[in-house]
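Two complexes, one shared chain (subunit A), two partners (subunit B, subunit C).
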Partner chain A sequence: MSEHVVLFAGPMGAGKTTAIQSLSEVPVVLTEAANSDRVTADKPTTTVALDYGVLTLGGDEQVRLYGIPGQRRFNFMWSLLKRRATGMVLLVHNDAPRPFDAMLEYLDEFGDLYRKGGIVIGVTRTDVSSRPLLPDYSEVLHQVHPDKTIPVFAVDPRDARSVGLALMVLVANLEMRAAFVRDPEAVPV
Partner chain B sequence: MTAAHRDAAVIDAAASTLADLSGLSRSLRHVAVVTDDGFEVVRRPETAPADGRLASMASSIQALTDAVAYELQLGTAKSVIIASETGHVIQMRVPGHQLVMVALFDENETLGMALSMLRVAAERLAAVLDAGPVRSVA
Partner chain C sequence: MSDTTSLVVSDGADAELSPESLPTVIGWASAAVAIHSVRRIPTPVLLRLDVVGYGSVAIDFRHHAFHWETPLERFPERPGAVLVETHPTTPDAPAPFDLPGRDLDGLLWLIGQHAFPTRAATWLWGDDRYRLRRWPNLAELPISLDQVRMTAMLGNAAATPAELAAAVGAPLPVAQGLINAYSLMGILRSAPAEAAPVARATSTPGLFGRIRKRLGWA
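And now, the complex of A and B:
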């Protein structure tokens, strides 16, 4: 059985826990605590360690889904989980104060996952805020990371098909790299 | 409602509890009360690092422990013990509150005694908070 370890990263309130709950075929391991920081994200709970779920693709392929805490003060968990991961779905909510900054910050933090396997970006809450547009994200990516090809999707974390599409693109990328490159670190970036 | 780490009543009660606890053991190197989501309410000694890292880590550990206890249908985890070569870290939930007490004892304190002291302190803090006008929320 082949296995992929995929991180769901992004700022607080982007929908990481919801996305994993939508995708996982097993009860998700949650580490939610009452949220004291209602200024950053007005929601009752927040992830303080990880979320964990599993999705089986076909008969012999499994994706382990790990959600990381969105708050930087838990970045020791980022380091721990990043070591195991082969790819990342980066969720950014479109109604965030500075969504491009958030996207770029996480790409800096998890940039080595691009070399290890791949990254896709899911823009959430486009129903709440219609701007910026998806091409705006791609344009910023192109300006800052002209050497990287990172797909951008509009994603509804509540919808398994929606978030699943972004995940499938990532998994296809991981498999392609595994098939053609024995050492993923050798892939030119 | 005011978050626990900004609530003067909670801060005062926690500070008083930790002051009493600190007088009980010379082996107590560091102790703090933190919220479930990793904000420090108060710490002793006050000269200890204030970067919030211990509070965040304690929060993660507590949540992971709770997840294991839930998975095994054991209820809520009351305490966590990290026994290491040169001391032990003990985390104790403040009963009925979204607060955790985390303490580092050196190797000169027995684990049983450290656990007992921390449990009593956590229960006392809970009693003070329950009796006060403001109930802590994280």
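And now, the complex of A and C:
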């Protein structure tokens, strides 16, 4: 069986579970529990282990979609998955208290994926908060990581086409990095 | 907006003109040249485009936003005339429309695609190589998946339009239109010193195609 593991990461309330539900062809396995941190994200439940969905490409090839918990106390789950991950869709909600800090934290945590071009940043809830502007995210990224151009664009986790586009961009970026960058860490997908 | 009206002509110079004296220019080329010029001015400038038959577009670069009653789905690819006005402003002055407005990437993509059909924008050289400085907001662009792959290539290597077209197997005008649009959006940098992109023998661009097929996208 050929499997490609794609992680959906980001702070609590960014829309990870919803994004996987939009894309998965099977009912998503959820590990939601009551949210005890209504200050960070005002929603009744939050992911405590993993969300899981799947996209079958034909034959025995699958894209496995994992949503990893947004709260750092669950980050032992991150290390279990990142070694197997092909790439990651990092969702950051634009109305988060410090969206840039959240974005940079995840990039630091998932540095190996970042270096091989395996991270796409989807900014969610831009309809709720229009600031910061999307170019501001790119500017912050350029200041911290001037050597890489990371895809950043608005994503609506409720919209299958929007989430699908994020997946397509992720794969396109991985393939082009592997094809054209003379970097030993860039491997064909 | 202020009462001052000026036309940014194609050589980049500003000329004080009354609206009556503005020449009729077919298509988006004059607007594209004006936008490209205005983006290089260090002080804030508002732009107004009067698209004959389609109303006025107000552009505020400070907020990366625009306002236009005409939805982009009805974007006129070849308008009869587009009159351009520039209006100096200050960093703190109110925007000429209710914010947040619409993301400017979507409008500039369309103008860039249609201003110079099948050829390089007047400020570009066809044999220069370009790299991406930032990704556009793809949520606002009616972009094809071939163009997504071209964008990914520009994020990882410097390429001419011809090299870009060859890499993804697309017609040259499609690649040139993408370069024109991204240049107008200010998200490209020229990289003339970089070597031609050479695909590594081990690359197998296949997963993209299989997901594309699975999602049923053309």
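In the analysis below, the second predicted complex is superposed on the first by the 164 of 189 C-alpha atoms of A that agree within 3 Å, B and C clash if a C-alpha of one lies under 4 Å from a C-alpha of the other, contacts with A are read in each partner's own complex, and residues count from 1 in each chain.
Methods note: contacts are C-beta pairs under 8 Å (C-beta built on N, C-alpha and C of every residue); 3 or more make two chains touch, one makes a residue touch a chain.
On a predicted model such as this, the values are computed, not experimentally measured, just so you know.
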item: Contacts of A:144 with subunit B and subunit C, given as first, second, both or neither; value: neither
item: Touching partner for A:76 - first (subunit B), second (subunit C), both, neither; value: first
item: Touched partner set for A:4, first subunit B, second subunit C, both or neither; value: second
item: First, second, both or neither for A:26, with subunit B first and subunit C second; value: neither
item: Per-residue contact with subunit A, leading partner among subunit C and subunit B; value: C
item: List of subunit C residues in touch with subunit A within their complex; value: 63-64, 99-100, 103, 105, 131-140, 145, 148-149, 151-153, 155-157, 197-200, 202-205, 207-208, 210-215, 217
item: Contacting residues of subunit A [partner subunit C, same complex]; value: 4, 55-58, 61, 63, 117, 130-131, 133-135, 138-139, 142, 149-156, 162, 164-165, 167-169, 171-182, 188-189
item: Residues of subunit A defined as touching subunit B within the complex; value: 29-37, 46, 48-50, 69, 71, 73-74, 76-77
item: Partner subunit A, residues of subunit B touching it in the complex; value: 3-5, 35-39, 52-53, 56-57, 59-64, 66-67, 71, 98, 137-138
